[in-house]
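One chain, chain A, appears in both complexes that follow, with chain B as partner in the first and chain C in the second.
Up next, the complex of A and B:
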């Protein structure tokens, strides 16, 4: 049970001070977090059968005889699922096992009709990788630190069906549509120390999977499920007993559930209690973890080799067999050559190409479609990318968030925004006016920026003479302020600029106004 | 290296921790209870347990073969090619047929009892194993 005798040393993790009142002399706690992540493979059909993979279909409509475990049926491996696992393994810097094996994991549950799950327990398809992710220190985006978590392995396995518990009628309704869908289980070593780190690691994995296309990894649709293994110990002592936390349905709850469990264990131990090696479920309503029913006692899965499947053999350029049907051969090197740019590479390229800050690149990639939108605007405008990014991240993104819209749903297209920024860049409007135009564009009434500018009379005054006259009028009307400026209080100039702005109804270029006023006052 | 387990798939942990063989080729009550939980069998009487022990002893003859330095074989298929199927949808859409096998159904769902009902503990069960050595 638990972790055994491993000594914990050289930890990079957070240390939690004990918080009971009489604990001034107690040693601090080091939390340890490992993750088991199940990602549904993005494929047309299931791992071992030809039934369709689709979310929300009529119950039991996507089920073959094999999926229902009827006698006489056999598993037939889906090539696409193997490719997805190899891509993911390569992206996570794993060694791909050229020979991997399938096993049966036995347990009884209504949504597992065969009574066992086909998985890879002995020799999985990929091992010993790593994932780098970034965290903000103290919630400041400007201070990011990079961390790494080791990937123990990636294995191919079947998903189970879905159980709907009807407690009122004391029955369970079973839908096998999901039974047999291909999963990649990604096992992350316990290199993390808190909910924030775990959430950041999972978020990066999600982005990688989505970039590869090996999984759409949408947590809300059950395409990405995370189980956390949590324990605490004192520095220098062996790892503590770990609990497994399941039923975490969103990124938000992931950090909460883990942090709650860490605190629960610390409190339990500080009060002289012990931690049971058990499985707990996260209750999102109560914000706590509770012991899970149906998981009492240690499970004995009675692993055995899957007798119906020979070993899975993968090839590379060197070991490619000469006279085999291409369709039957998976070439690791071929897949490697065709991997797309991973998020970390994309971010680097954005920073190098556009001169934006690293934290900007994170935000761009964090929002689906935002990076492409940004690049599209940059292409269509003369404004420098360093200035464009402000409009994207501050104005556009905050509008989207306020109205819970995705980038794809934005009423302001990249074309319209570029058009607006061009007006600003050509100094035809002020930046305050630009914000007003954007608010109008947001209504999505089909007007162009230029039309809105004309409608609301937001053009900057181009007539220098008229501007000079207005400046002179303001100077003439405010003797006290003029004296204060000449006496050495330059800040008062801002008041005069403001008065000019008011007179011109915001249609004057503040920089130009300042220049004009300064010229007049120095004369 | 694990020697082939006479009782298919019983884990090394189960064998190690539970005192699998408590001297004289007898199987301990703990292991018998564990097997009853896992496989939902009922050993019913002394004769049933005796039959199990004889079966284990018979299978243990495998240990007389020296397998030092020999890679374990787990499938006669090990030299075969694992066939890879194209990712096409070719099956499914047979809800009616599948549900014909169901004793009970609710709107095209299979009906099952509410969750796993674990076998009660040894002390609370009416089984031959209770009170035996």
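Up next, the complex of A and C:
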């Protein structure tokens, strides 16, 4: 039993100890999580046909003869989909196969009209990559660790249609709009050990795909679908029997489903049970995984080379044939040179350029368009970026979240916010007043910050004499406090400052007020 | 030639009691409609193209928009395709008149054109003077009617239609010999072009990696004209050549002394009739005497070809037939217990035994535990077979000369004694290696057998060297002067017309 006493080293993550003393093993259980992610390629047309790709179009309105598998139709590979896969492969540090192959994977299902899916089983387009992602420890934003998961491969394949089961009338309705849409299947090695890690890795992948534009990767629209392979074992022993968890349709459920499945397997094993190699579905209402009905028992997909598609040949600068039409070839180097900054690079740049905290850079990139908004505000104001970030994260972001708005939908443009911050920076208004102006700006009535300041008389009192008079009035009206200060309790000064602020309705500069009060009291 | 009036002659020929049954019943009317349409499109000498007004038949496994496309199967009975196969569209664009869809073995799986849901195709030569004079009924109890011979297959309907003068040319398909085999039995030219030269878009597949649209005509020049209209890149078929194809006219070869003709010794196959063997050596002598170099060559892996073909063919069949589930189109069973039971019943009712048998074998070969042992091995053997050809052509041989079939056409009653699998294995033996290697090959009608039936020889050329292949075939065609079919019940007037037409070919 001594063997089992070893604990997994810190970074391999969560170590779950047995609950039950009945267990023969006293060693902790180590969960192992691998992911298969299907990302719909953002493209005008499908992978092998000219039909349009569009979410929520009327049923069966985007179906070509090929998509419906009419006899005699042939696949024609969509160049855009190949480029998207190459971009994604490069962004995930994969080696791109200059020659990849297409295969048929056979199974009968109502929404698979040809009776097979064209995929890349033998030689996929990209292999052997890696993805770095960060997550915070104990939910503290300030304690982030960076981890890496290996990418086994990326393969191009067709999406299936959708089946709708009408149980009352016992019929199945089929919508082929999705049939044949291009997918990238990203296979992540089992390098993760809990739901949180898996969710962080998928989130980072999602950001990368969105940055590249290779997929819109919206989980709610099915553009990013995650299947998790989960097993548990004791350190030093072979991997346990794994289950595949499907039907995970949000990032939140991803972590939940995996953690539930890990716990279920541990409890099952602790109680002397065994784990079946099965497919389980996550039931988001019940918060648990349940076995899926396995229709054909052990599936044999009878893979076969797709004879209607020649090998997919890609070139680099070296192998590019001299007199080849550039429209007809795909040059990996050309795509590489044009890759946009990836999220990790963007974050690093934000931290270096603006001196903001690393965790702030994560928040900036987590919202689509927020980093750009931030940079735009910084460009238009004299305020230091370190101060701007507070307004972006505390004020703008929380407002948007509260009202479920995207950055693009923000009623306050970066220009208006910069305008406001400039007033603050030039000491024309106080920060209290700035918040009031912002509250007014959210209404989106088309007023400029300056107009609001004027309307509501929020500008700082520039008239020194008036301010002095107000200070004097406060001193005169609060003898007790004045006594206390003079007796050596400077904290009470803050109360007086507050009172002046109140009298001026926030229009006084607290620093100036402090100076005035101190001067008067020391006199 | 003058296209106008051709169709009228065709109608007389088709209604003459030739009993070719080349066309599937009922399809002629649609074609006749097309013909008058084509005539309208080309008033006052404004031809649409080189095929203006030329009646052409199309094997019923090519999609034709608005006209039933059945593959001679219950599965697709009544199926109206919404689009034209690229080859059909090209024919129409050139002004050709689509006469009708021709009969075949179900989904082109067969070598007799006897296994389709519309019944067997009869060889027009069964009703020729030449055959009737020489064939003697085996016994008196057998009536003469039962003596009719098969066309070969699976493009038997197309071969019969061309052979019986129903049309000038026909499209077939060729996966293991399906164009050349019936061409040989029906005494017509049958060209299987290089894989990738003609688009397969719209051809309902048998084996995608071997299928090619085939061309059936009465002379080699006509085949060249058709090839010129059909060949070239098609954006809808990724396996077609990238380059454009330049149509060519065939020169009249006068000097064959620079040619090297290869005689592959492995084509002395078991079951090769002595008659055909003799004809083959006579043909070789013909070249030799004309000054050509005739050499014996070896294609050592030929003997593995048929079994290898069987594995690859059935595997692709199993895959290609998976789409016929009764959901999107075609036959759907009334079985409503579950989707799975509906699939099963649909496929049981829709496919004949031959198709179902091949699906079963194919799925067996594709099972995970068998894949390496059968499919991958067969692919390797296929590569060896293709390499055999490469080596021979690299050694300086220009064209290979072989028999097309083991014997002349068998009487139907005799043919159906063996099952489809055995027959296909025997009948494809001389033709399917060219499909494995993707090479162009052509059947040239050569002589009549002792029974008065056509016998053809096959020329196999280098990849994409159709011009050389057809040029040699044309020279050979001229030397052998294959006799005209004499349909005994056709009136004298019509046979005069036919004789006239024989010399006035398409070009």
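By our rule, the second predicted complex is superposed on the first by the 501 of 523 C-alpha atoms of A that agree within 3 Å, B and C clash if a C-alpha of one lies under 4 Å from a C-alpha of the other, contacts with A are read in each partner's own complex, and residues count from 1 in each chain.
Here is the rule we use: a contact is a pair of C-beta atoms (placed from the backbone, for glycine too) under 8 Å apart; a residue touches a chain by one contact, two chains touch by 3 or more.
Small disclaimer: the values here were computed from a predicted structure and weren't measured.
By the touch criterion stated above, A:106 is placed in contact with chain B and with chain C alike.
With both structures placed on the common chain, the touch criterion links A:172 to chain B and to chain C.
In the superposition on chain A, A:69 makes contact with chain C only, while chain B stays out of contact range.
Look at A:79: by the touch rule set out above, it reaches chain B but stays clear of chain C. Legend: residue contacts after superposition of the two complexes on their common chain; A:114 is shown touching chain C, with no touch to chain B. Using the contact criterion defined above for the overlaid structures, shared-chain residue A:304 touches chain B and also reaches chain C.
Once the two complexes are laid over each other on the shared chain, residue contacts for A:164 go to chain B alone; chain C is not touched. In the superposed model, A:135 makes contact with neither chain B nor chain C. After superposition on the shared chain, chain A has more residues touched by B, the comparison being chain B against chain C. Within chain A, the residues touched by chain B in the first complex and by chain C in the second are 65, 68, 70, 76-77, 106, 108, 110, 172, 174, 300, 302-304, 307-310, 328.
If you check the complex, the residues on chain A that touch chain C are 65, 68-77, 104, 106, 108, 110, 113-116, 172, 174, 295, 300, 302-304, 307-310, 328.
Residues 62-63, 69, 71, 76, 81-83, 85, 200-205, 207-209, 235-239, 242, 315-316, 318-319, 321-325, 327-329, 339-340, 343, 363, 366-368, 371, 375 of chain C are the ones touching chain A in the complex. Chain B meets chain A in the complex at residues 8-11, 13-14, 34, 38, 40, 74-75, 77-95, 98-99, 101, 106-116, 118. Residue ranges of chain A in contact with chain B, taken from their complex: 43-45, 49-52, 58-66, 68, 70, 76-82, 101, 106, 108-110, 163-167, 170-176, 293-294, 296-297, 300-305, 307-313, 327-328, 330.
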